[in-house]
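Read from first to last, the chains carry the letters A, B, C and D; within each, the first residue is number 1.
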């Protein structure tokens, strides 16, 4: 079987250099280009890249994708900063190149994506749901973006299923004890030296609890998701938003 | 809205009496009969039961279901001891009563069912999977039936996805340290005073782990699943095996 | 060896009746009296009780202890409502009966007592400490009294050791995300159907974390501590406050 | 206050180079020498080192300590391979230099040391104790040395306290399900990609469980223990074995 020809854009960044190594280590892929800030995009076509892993910056991602789509090169995109305008622009480009696929993923960690998915699926079947996220103490925001997003997905699933409000008899509380309220879901943020990035979704019903916990110990956790994206984007024309769409969950 | 007319068979057993209370407490249900060992099945038709919750014994379940199916009463069955012969017999009865539904569930705990389902879905996306089950020290078998079943489902999912064998460099080990081997999946059994029934599925990939944990603190945890089964069995003709088929997981 | 002669006061209450059974089941004890609200205290002397387990109410505990101390009967006290005045009164009585011992314990769960003790001991050796307590949703206060007390003990230990303030770079936070501030220690309260009473102390330092978790699944968890108290109070004259003083931690 | 003058031996190794950085970063210490394999020990006396951190190899540690003790330089030793003969030799040297202190520690992680200590203290107060250790899948031995040592300390504490054997009604078990038997304590070894080094001690009694968990995410976790050792060894003449002796646990 011929190998998938993969190029990495942003190859000298922290995640990018890890992606270079991951592509090189994958049996079914060949790394055909690894471009940094000043390298020419023509290397992509010259090298016959079939899929580009785009890990640059919001300032350069649109030019890069314009080039890829025009040349029928599929793209897996980790760069952030997506607005409705940018997505619309990208869709326009893609409509002119019907066989080309682009995957944009806010999170390439399969564990994080599955945690959100499972939390969303389970949410309607339990009376109570709360989220605890735990991070290193240098983090500036609380709760984490992932925890806030998880809580919103849970809240949405519960609304759609017509769940009753969560039971909570708290009458006397210290300020903050019951956590932040994200769309009706309590979210608690722990900041502890020695931790990296962790999240727990606790679901409770009559006589039982279900806990889904994700521990992220290294940003290398993005690599399996990036490789999985690269393998599938070539056969998924158009724009896909979110890695969960590439997971077979049945 | 008219209430669902529900009867309980085995109403004086430990689970059965709890089911009686659960049906009585449900807003959308009416308990129309609660039968013990010596009560006549005719009470079911007399009372106009639409759904029967069958929580008796392998010795009586077939007669009970024969009666129910013949009279078009749907059934939610927690009684165990199902063989291929019994299932075939039941299917024959059901083919003669096309509008009637029967749900047989080895486990009515929604948390347990979701744990198995999620473990199965996630299994192919991680290099390593192990199962830890923890129970009170009066339990006679190790591992638990649920843990063994979970491990088998995981192994099956990994085979289907063509996963590589799990990495394990263990060269020197004390007997038993690495757990029991269930179809290639290590399963560890903890027996501890103070515990009831708990299970953890640990999945590990590059730089991250995902843990799905179910804690069962009381057999009242079967009630939400029994009620959910009762609500859905009336609109699901034929035989359904496993509560997971009645959960909307998308 | 002759058995310890034990009486229970408040023997018909929820905890009291459990204590009656626990004393009866203990090999080294004999239950000589089990008194309810209207029973005469003279039964204690008549029956030759050596140790009384006092599980009544703040309204009757002082009269009961007055009687016990005057008759040289040791006491293990679970009744709450202790003020400085009451303690002073009890000490006066005890000074008139030098061989008699009284143990008052706010918590007879050995697991809860050890959690507090270990948290206190470990607190000075880690940069970060947070407390998560998790209870059933019918609980009226947040955080729990035990969690608040644990946080205070931790804060005290850190002050005495001259620890620096905990690192926390949080700049943008939703209200409540970072928990309640109890004496500088963040405390998070989770309320979830299916839970009973649980507490986790998380300690984090460079490259490592230590977690001490207590799960209380039944108030029978008080019995081992009550029996341990009964065994040791007879040889510990005077007033002892807190079960931790009867644990050998070296 | 004058700073403690500290030297590092084995300064170019993985742990040694980290120790160099940790000493430099400590407000109360001055790094006066950082010696690799070929450097002369005389640098220690020339630089006026008060404490040496010894992180070399079994082949060189004895010569290094001979030199240190002869010159009254205290030592904190992480090098392994200690036999009774070596310890006797070291004690002879120390008896000739009465003011000098040497700390040898098999484990400098404060979390690991506290986990063992707490497990040992709590072991006698619970009916059941089991140990789960979880490591990356490249580990060659199972269980880990730390888990085996922890189990032995627990077993010893239970023997001294005259504890009854653990309850376990297991009658039918798959091979290995109940873990390895280390001195009567079941020990379970999990090997999972994404993990580093983790250990859980589970203690269970009537109606409650206590869990002590240590997560080691980086070998930087040794640094606080090494610094603590350096601070205290100067005022602790003679040989001290084990970091726990330098922790104030009361």
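The working rule: contacts are C-beta pairs under 8 Å (C-beta built on N, C-alpha and C of every residue); 3 or more make two chains touch, one makes a residue touch a chain.
Small disclaimer: the values here were computed from a predicted structure and weren't measured.
Enquirer: Which number of steps is the smallest that gets you from chain B over to chain D via touching chains?
Expert: 1
Enquirer: State the smallest step count from chain A to chain D, taking one step as a move to a touching chain.
Expert: 1
Enquirer: Count the C-beta contact pairs for A-C and for A-B, then tell me which is higher.
Expert: Looking at contacts between chains, A-C has the larger number.
Enquirer: If you average the Cα atoms of chain B and of chain C to get two centres, how far apart are those centres in Å?
Expert: Here chain B and chain C have centroids separated by 39 Å.
Enquirer: How big is the gap, in whole Å, between where the Cα atoms of chain A centre and where those of chain B centre?
Expert: Comparing mean C-alpha positions, chain B is 33 Å from chain A.
Enquirer: Between chain A and chain C, what's the gap in Å when you average each chain's C-alpha atoms?
Expert: 46
Enquirer: Multi-chain contacts only, two chains or more: what residues does chain D have there?
Expert: 126, 194-195, 203, 205-209, 215, 217, 221
Enquirer: So in the complex, which bits of chain A are touching chain C?
Expert: 126-128, 130, 132, 134, 137-143, 148, 166-182, 186-195, 202-209
Enquirer: For chain A, which residues count as touching chain D in their complex?
Expert: Of all residues in chain A, those touching chain D are 194-196, 215, 217, 221.
Enquirer: For chain C, which residues are in contact with chain D within the complex?
Expert: Touching chain D: residues 109-112, 114-115, 118, 121-122, 124-126, 203, 205-224, 228, 247-250 of chain C.
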